[in-house]
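Following this line, the structures themselves.
Both of the next two complexes hold chain A, though its partner changes from chain B to chain C.
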Partner chain A sequence: MSAVNIWERMLNIDRRWIFLSIGVISIVPFLTKIGMPVSTTDEVESIFNYVDSLGKENAIFIGFDYDPGTQAENTPMGVAVMRHAFHNNVSVFLTAYTPLGHGMAGGALDYVTNPAVPGYYSRVDFSQWADLRDAGVTDKDELVAAWEAAGHELPEGSSGWVFEGRDFAYLGYAPLFYLVILGMTASIEAQYHQDANENPLSEMPMLREHKSLREVDLAVTVSGSSACTAWVIYGREKIGLPVAFGVTAVSATDYYPYIQSGQIIGQMGGLRGAAEYEVLLKEHGITETTDKAFTGMDVQSADHILIILFIIIGNIAYFMGGFHKQKSLKGRG
Partner chain B sequence: MKRTVPLMIVMVGGILMMVQYFIPHQYSQAIFDAYVSWAPIIAAFALILGVGSLTRVHAHKIKRKSQNWQFSWAVLIPLYAMPILAHLWPVSLAGGMDPPSAFHFMFMHVQVSIQSTMFSMLAFYIASAAFRAFRAKSALATVLLLSAVIVMLGQVPIGDLIGKWFPQIGLWILRFPNLAAKRAIMLGVGFGMLATNLKIIFGVERNWLGGAGK
Partner chain C sequence: MYETIGIWVGAFFTLAIYSFLYKENPVYRLAEHLVVGISLGYTMAITYDVVLKPRLIEPLIGGHAWILLIPAALGLLYITRFIPGIAWLSRYPIAFVMGTGMGVAFPLTMKSNVLRQLEAAMIPFYQSGMPWHVVVGNIVLVFGTLAALIYFFFSKPHKGPFFGTGSKIGIWIIMLGFGATFGFTVMGRISLLIGRIQYLLGDWLHLIE
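Here is the complex of A and B:
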């Protein structure tokens, strides 16, 4: 066998070997849990600091503007920001740009309020605290005191209470969402008469305090497409609504101009961005542990290293075999 | 008539929406609210047309037993089953959208899984494509290759282990050369969209009419 044939055989390696190696290298870090350190960047820190500066008199939107295909990257971003907001008693509106995003928003809310998840928040449904609402108790501190005085004890392991209609409103999807954003600049209730659980928005304390996007402090759009730009075009540019992006790694490069121009306050790029937010939450004592994004970074590290190895091996074979002098390679593509 | 009326609607509607955006007045807002109410209704008609067209195409394939006609069932059954399960099937028989309904099960355990799988497969194809196509064939290709390697490593914790300076180089590439190129493209696209929209609003560009009125 000549030397050229070895290089040629290497270049024409059955792609199933490549698939197998990627599969194996993706699974191993999940089993070993290496936990390599993740440093934080200005783009993510600026979002964290902004949310951290908000309190119970403030409200934010989290737009779950993605489909299930990108949930591995996008969901941890939405979850991290939601946890941060709940910790600071900031009211959170959950919306979706697409019909499938509606399910993603609900799934993220269920995850944050799931007792099986460490650091969960105990959810109180809208109907459960109707008596307190009717009695005019809507301030978060007074609400928690009254709720616990009524005999409810915060379960062990819970990070706190979250009241539907005071701490969060699951608005979900509405058709032609860019028009909905425009409409919400005048009135949120005009666009959503009721939330996804069919609770009337007119009776929600957080709606009385934040009637339109003009009275909202931030919109974090978690997106797997260009849907996030709708929040800039119709929210930021029309009424000056502060906007932050959480986007997939492949599209993160597209949105750096928005950061430099000041149109968005920051950006979580891919799983790395979500992992950075999780690290910041842990460093500031908001959560006790990091979550799925941080774990996923080990897998990404291994995969990136392998892909770079493939590139190096491919180039060695290409040049050593003298293929750079030929117009095209023989054999399988 | 077939051309003039649509052209007039587009011109009046286009100018109205363009102007109202810059007028923070209650009349302007009322016009916008009316438009927001109309738009989903018009979109709903488009949805009916789309579903009708999709049904016709796949029913035709099944009827004629065209190549891979079996897959047409995979399109048609979920297309009708999901809305029926969500809205028409009684809640007492696991209808509706809330767990543990059949719709919720199909969404969480079929649709989410399928879409996640499809997207996950990118990693495998990217690895294969990188091995076969990422070559330092020229100076420009080498710059691209090196940039890709630096950004890829800079985005993961292993980059931090190489050195604190390493991710900074990746970030510099993203924040400056990448930003400059993206901004140039975005400005070009933006001006192109503006010009095209103005041409449509003022009736210069009429291809969207199709063959109407000819």
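Here is the complex of A and C:
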């Protein structure tokens, strides 16, 4: 076999071998748990620091503006920010730009409040604390004290109580969402009469304190498309609402100009961005462990090394075989 | 019980989709068609549940908000596209949405995506106390933007020291941008694979936490 044939065979390798090697390399780190460190970047730290500066008198929006196709990248971002907000008793509005995002928002909320997930928050549904609400107990500290005085004990392993209507409102999907953002600059309740669980917003304490986007402190849009720009165009530019992005890695480069221009306070780019936020949560003692995004970083690193190797080998074969002098590769027309 | 069934169904269809990597097969095609169908069905159900029912049907029936009949009638005109004789009526709701959309979007989009970006590109190269790496960054930003714009200026031949050299630098800047985007794209695709493997090894097989 001549040397040229070896290079040629390398360049025409059956792509299924590449898929198989990526598959194997993607599974092994999950089982060996190498735990490579993840350093944090300014773009993610700025979001973390901003949310960290908020307290029980503040409110944020988390827009689940993506479909299931990018769930693996986007959901950990929304989950991480939601946990941070709940830890600081910041009220959270959950919205969705698309019908499928409606389910993504609900799924993220269920995950954060799932007792099987470490560091979960114990959820109190809107109807469960109606008596306390009617009695005018809406301050978070007083609410927790009154709730526990009523005989409710925080379950072991739970990070705290979250009350529907005080700590979160699952607003969900609304059509023509850019117009909804615009409308919410005047009144949130005018755009959503009830939440996704059919609870009236007019009776929610968090709506009395945060009537419009002008009384909201941050919008974090977790997006798999250009939907995130709607929050900048209609929220930031209209009323100066601080906006942060959590975007897929594919679109991350498109939105760096918004950081440079100061239109957004920061950006989580892809699974890596979510992992950085998880690391910051752990470093600051907000969570005891990191979550799925951080776990995936070993695999990410291993796969990147493999792909770099493939690119190097492919280029060596291309030049050593003299294919750079030809107009097309043999066997490829 | 239902959760377990759901996880097994999810695992089956994940493997069905990935079977395409070996070669196209009927199981893959079944999964592909189901994705499209279920997504559409889910969208229709959610749209009815959180849009049509609370925002149109209930206010009409319970609140007698007759004014809503006007947008409802306008929306129904979309359906006339399926009737060739009166298909032209569907242009009215399209025109309405386009007109309002443009009117609402244009000023703020111009401000956000054009004027703000122009403003952000008009920066001083150096100010007292500015670190050297920021100075270098500012120079690269301004000249990189200008060079890329020169590359896309087609009314003059790309020759000579200004247009020739400028467009060459511009194409390098653009290629660097493409390279960064490609790197992020690889990272994104691998992230999606990671999500599925976490599902298979964790939720389905319980091999990882």
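Going forward, the second predicted complex is superposed on the first by the 331 of 333 C-alpha atoms of A that agree within 3 Å, B and C clash if a C-alpha of one lies under 4 Å from a C-alpha of the other, contacts with A are read in each partner's own complex, and residues count from 1 in each chain.
Heads up, the rule we're going with is that a contact is a pair of C-beta atoms (placed from the backbone, for glycine too) under 8 Å apart; a residue touches a chain by one contact, two chains touch by 3 or more.
Note that the structure is a prediction, hence the values are computed from the model and not measured.
When the two structures are aligned on the shared chain, A:Gly321 is found in touch with neither chain B nor chain C.
By the touch criterion stated above, A:Gly172 is placed in contact with chain C alone, chain B being left untouched. In the superposed model, A:Phe30 lies in contact with chain C only, and not with chain B.
Touch criterion met: A:Gly183 reaches chain B, while chain C stays clear of it. When the two complexes are overlaid on their common chain A, residue A:Val232 makes contact with chain C while staying clear of chain B. In the superposed model, A:Gly296 lies in contact with chain C only, and not with chain B.
Residues 19, 22, 26, 67, 69-72, 100, 103, 175, 179, 182, 238, 249, 252-254, 257, 260, 269-270, 272, 300, 303-304, 307 of chain A lie in contact with chain B in one complex and with chain C in the other. Of all the residues in chain C, the ones that touch chain A in their complex are 21-22, 39, 42-43, 46-47, 50-51, 54, 104-105, 108-109, 111-113, 116-117, 119-120, 141, 177, 180-181, 184-198, 201, 207-208. Against chain C, in their complex, chain A makes its touches with residues 16, 19, 22, 26-27, 30-31, 67, 69-73, 99-100, 102-103, 172-175, 178-179, 182, 193-194, 196, 198, 229, 232-234, 236-238, 248-250, 252-254, 257, 260-263, 269-272, 292, 295-296, 299-300, 303-304, 307. Within the complex formed with chain B, the chain A residues making contact are 11, 13, 15, 18-19, 21-23, 26, 36-39, 41, 67-72, 100, 103, 107, 175-176, 179-180, 182-183, 186, 190-191, 238, 249, 252-254, 256-257, 260, 269-270, 272, 297-298, 300-301, 303-308, 310-311, 313-315, 318-319, 324, 333. Of all the residues in chain B, the ones that touch chain A in their complex are 21, 29, 32-33, 35-36, 39-40, 43-44, 107-108, 111-113, 115-116, 118-120, 123-124, 126-128, 130-132, 134-137, 145, 149, 152-153, 155-158, 160-161, 164, 167, 171, 174-175, 178-179, 182-183, 186.
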